[in-house]
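One structure is given below, encoded as structure tokens.
Chain naming follows the written order as A, B, C and D, and within any one chain the residues start at number 1.
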Amino acid sequence: MIHVLPSIIDGLLIGFVYGVAAMGLTLIWGVMRVINLGHGATMALGMFCTYFLFSDLALNPYLGMVAVVVLSLLFGFLIYGVALQRVIQSGYLSTLLATFAVNMIIIGIGTAVFTTSPRNIDFSAGSITLGPVILQGTRLLAALAAVVITGALYLFLYFTRPGKAIRAVSDNRAAAELMGIPSSHVLALAFGLGTMLAAVAGGLTSTFFPFTILSGATYQLKSFVICVLGGLGNPLGALVGGLFLGALEGIVPTFMPVSWVPVVEFVLFVLVLVVKPTGLLGAK
Amino acid sequence: MRRLGLGLTYLALVGLFLGFTALPNPALAAEKTVTLGFTASQTGKLNVEAIRQINGLNLWIEQVNKAGGIKLPDGTVLKMAAKFYDDESNKDRVQELYTRLINTDKADFLISPYSSGLADAAAVVAQQNKRIMITAGASSDSTHFKGFSLVYMTYTPASLYLAGAVDLLAKLAPEAKKIAIIHEKDKFSTDSVNGLRKYAEGKGYQVVMFEGYDSGTTDFAPFINKIPAGVDAVMGGGHFADTTTLTRQLYEKKVQTKMIALLVAPPEPKFAELGEACISVVGSSQWEPVAKYSPEAAKAEGVEWFGPTVADFVKEYQAKYGKEEPSYHSAGGYAAGLILQKAIEKAGSIDTEKVKAALDDEDMYTFYGRIKFDTTPKAHGLQLGHQMIIIQWQKDKQGKPEKVAVYPPAAATGQAMVCPVR
Amino acid sequence: MILQVQEVSKRFGGLQALLDVNFELAEGQIMGLIGPNGAGKTTLFNVINGVYPPTEGQVIFRGEKITGLPSYEVARRGLARAHQVVRPLNDLTVRENVMVGACFGRERHSRSSAASLADQALTQVGLIDRADQFALSLNVAQKKRLELARALAARPYLLLLDEVLAGLNPSEIAGMMETIRTIRDQGFTILMIEHIMQAVMSISDQIIVLDYGQLIAGGNPQEVANNPKVIEAYLGDPEMTARLLAE
Amino acid sequence: MNLWRQPGFWPSFLLVFLSGLVVLVLRQDTLRETAFTVLMFIGLASSLNILMGYTGYVNFGHIVFFGLGGYFGFFLVSEMGWPVYLAALGGGVLSSILAYIIGAAVLRLRGAYFALATIGVNEAARAFVSNFEPFGGSTGLYVNFSAYDRYGGAGQALWFTFILLWLVVLAVIVVSYLVKRSRFGLGLSAIREDEDTAMVMGVNAPLDKTKAFLISAFFPGLIGTLYFFKNGNVEPDDAFRFQMSLEILVMVMLGGKGLLLGPIVGAFAYERLRGYLLTSVIFKNLHLATSGLVLLLIVLFVPGGGVGWLRERFPKLRRWLE
């Protein structure tokens, strides 16, 4: 049982990054009632963006993240304007399919341009040995970055005007509109932020895992699980859900084959949805 | 329709044959194009290996045609032509495209796509439509337990892939007892490690960990964390991308063991890009440019030699595709062509039944090693003649990674080393 | 008695929506249910027809306990309802909307007999001309009539009408009142929530008054209108009441 | 009801009937393979339509029944030696039983929550099957080639499988139509439009939507068995491809959900479009992106799908385009 500790720590570190991706998804859901099926593809774009900044411009991946933030925010606005604005009122099926179409377009163009050969950011931040635990520097930094981003998001949502507007719309869309918050701008902003979080999470992941344009799919599914565990529409819940999932991925393999982890994850996902759709944290 | 098409081709061939024998000038031999149909993963997760394989095959086609084609006893000259599609590493596409290759493009012979899973899917279609398929880049034993009679294998079967590594371990570290196996859960890797496990346990080793990961896995931390302390060897892996990542993470996590032996990726030249992480990693290769197969050795064993020598193959390959040395995927692609060429020459025909009989009979040495097929109904087409070469990455004089053949002794170009302290 | 509501209470979290509500409704009558906004009238309807179960108490319909039964079971036993906020099935035609009532109501008609029943009900509410339009295309007054027709087509023993007059103009109200009277004359029992006092007073045989979830009065329109508690809670001004009754 | 007198039934039935017949008459293998794929998607999309179009429950995991039913049917063929038609029936029945169990849990959810849960069900099933040894774990199951002998060799077996698929898809069309025109179907429409109101009107929504789920799940199980039998093997990644689930959904939307003809036209159009893009020189590398663009345009500008648009544009055609 010596390996439990490193396992859990590895899980928690990656959990922070999962959490950031899931926060994006849950923010979009909370404000827009849209399940963004283009989330994974956006993450993959974040990975590529970081990769090219690193390999072509020799930009440190963590500095590169600033560029990723700006670009992905704009990209989010673009998607909202082109694919979502028109159908945002037509119910969840339309928006699901619109985001799925965006996903197909990104993956399609990505495959044609980047091919699907795996890429690797050859960046090492060393590793730290603490007794039986060996921590990879890149994972540690990614977790740190995730905490910083969460903090920044919190400050934004609670202490700025647009942030408060987003929260207001998330809580009650009809009421917020009555009070004159420009809903459509808020929706665009929320989608931009969600996209940004996805791209950043992708960028962070790319510093320690190889990736292709298709890599986002796995993380997108994990994000769904996390959002449901943490309560759909609850950004803080998403972070906690991410940590929970990370820890689960660390603990479960210690007593059953690793390949059973997804079975546990998705069964848990369905159970929580059915029994407590507000999430493990949420009120009944 | 197909029957009709075949019949017509027959009639045409017979007609041509009669026509030309009647003609006084034998120099005007009939020329016929033989279509080789295959799909390749130009996109999808297996494209690196697949493209090498295609390069090998295309080199063979080019050389055959340059040499004037295959001449049949009746004077017909066969020119080779390739017809291929991108299968995107997707099985559905493979089946759809092979059906198309057979029925629409009228392929005479089929070469398999790269990887056991895809080859398996294609083999079903080949057999259903009664076409001969030479599999290259596919080594699942199980493909040949399904009752196919027209599918022939170029590679050493998966179950024997890492057997040499176990033998090497016994030599290198006689006190070693415990092996941990981490493998991709696809057909090929599963067949390999099942064979490995059986072989290792037969030799008295203890398999202390046996875990599979999904194709496309990038995070191996949960697996690496499960490796028990004091393990003597870590074995397994899968295909290039995942095995490379596994190797890197084994290094980053400072896993201490005597030997790391992995599938598929280590023989690849690109594996050297891992730098320090690849040092001492052992892999098994279907073929290496340093291989010592020669017409003389073949003669000593009393087996016929066929095709170019190892040196010629490497030279021609580099001339066509640039500096990079051919890998075993490329060699396998070329060898698949040779297998077919030899059989067609022997059969003196491209008739499926006749070529099949020639293939069943085939026993030869090539630059790629010996080729001989199982002809029992239970495992028809399984490769019996060919042997694996065990390689290891070591540091050369400049400290750069260098690939050394270490086993079997007959093929070795250097001494094997134990995994250094990390 | 066709309907007996016995000591029904309903609590949502900390909110006591209904408390100890008791009343009985005799067959063939029209009973008006009145009370200020938020008094719990629609909640009472929801409890009666099984949208949610009461926290305490019993609902007995035609001698049978229906407390806690799901709403479709209640509907099958012969209790139909027209909603306050119209809820047409938008992508179905008007006729199909009404057929749903006939198919799944008390008599459980087959699709073909439901069609003719639907046409009858549509004729009765004066919507037959629009039978083939999509429900989406109706205006509010027409949608109200559609609600009524749908409930009627179920051939219920008891009709719950939730503010079917709200949002209609005076001539539409007169028409609807006429329709309700004919329905009663055909032998349906009706329990109706209504805000338009003049209408409810003139049409009801009995009236009960709900205030803050409690029943504060009951009786014929005259009695209720003169009940000081009612006047205090709801009507506010006795003179106004007198005027209303005089009209 | 006399099916033969229903104008809304004929176009759909004839379309599928004749296209199958043409393939049988021409007897070309390549054509059969293409037709097999198209028919398969018509069957899958039409069966999804029963739940998604008629009942309004958007199932992202329709493929789970294709996978599980197909796996079970294939298991019956390869391990138990059943003839393929009985095995397919077995696969269908198992799918329905599973739908009953899964439905008991997830049909309590509505809207996007239901959609999300079905994604989870699909992933859980895939992960489970790839660890489930009786089904061959991650490497799946295969039939020995001799299994085709009882149908007169592999070539004949493929034709036989094609005919079975054709019949199954015709059955899907007939059942879809009967459901749509029945009292039960009217109840489903009511549930789709407003479930609470439907219940107040007497529709037993929990039971009816479970029934719709069962029917909708039955056919993918049948089709899955036939498909894997044709392929000769089954593996978890082929059986539970989320992408394929989404494609089926796209087909329903493309043609028009809730209509009998919609999924047929949608499946046909989508498959042919993809086939064209894949073989075209210009679009070969961009086929996915182009399909995505087409989907986006449909969602944004023709939400009723192709057939839905025709119905709106030409009201006179409505009775034919059900």
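As a working rule, contacts are C-beta pairs under 8 Å (C-beta built on N, C-alpha and C of every residue); 3 or more make two chains touch, one makes a residue touch a chain.
If you're wondering where the values come from, they're calculated on a predicted model, not measured in any experiment.
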### Summary
The pair of chains with the most residue-pair contacts is A-D
### Query
Going by the average position of its CA atoms, which chain sits the greatest distance from chain A?
C
#### Entry: Chain centre separation in whole Å, for chain C relative to chain B (CA means)
78
### Query
Between chain A and chain D, what's the gap in Å when you average each chain's C-alpha atoms?
32
### Query
Roughly how far is chain C from chain D, going centre to centre by Cα mean, in whole Å?
43
#### Entry: Where chain A and chain B are represented by their mean Cα positions, the distance between them in whole Å
40
### Message
Where in chain D do residues touch at least two different other chains?
### Response
130, 138
### Query
In chain A, which residues are in touch with two or more of the other chains?
111, 257, 259, 262
### Residue list for chain C, restricted to those that touch at least two other chains
none
### Message
Can you work out from the touch definition every pair of chains that touches here?
### Response
A-B, A-D, B-D, C-D
### Query
For chain D, which residues are in contact with chain C within the complex?
181-183, 186-187, 189-190, 192-194, 196-206, 258
### Touching residues (chain side chain D, partner chain A) in the complex
58, 105-106, 108-109, 111-113, 115-117, 119-121, 123-124, 126-128, 130-131, 138, 242, 246, 249-250, 253, 285-293, 295-296, 299-300, 303
### chain A residues within the chain D interface of the complex
29, 33, 35, 37, 83, 86-87, 90, 92-94, 96-98, 100-105, 107-109, 111-112, 217, 221, 224-225, 228, 232, 257, 259-260, 262-263, 265-267, 269-270, 273-274, 277
### Query
Any idea which chain B residues touch chain A in the complex?
43-45, 47-48, 89, 185, 211-214, 216, 218-219, 221-223, 225-229, 241, 244-245, 252-254
### Query
What part of chain A is in contact with chain B in the complex they form?
2-3, 6-7, 10-11, 14, 111, 115-118, 124, 127, 129, 134, 136, 209-212, 214-215, 218, 249-250, 253-254, 257-259, 261-262
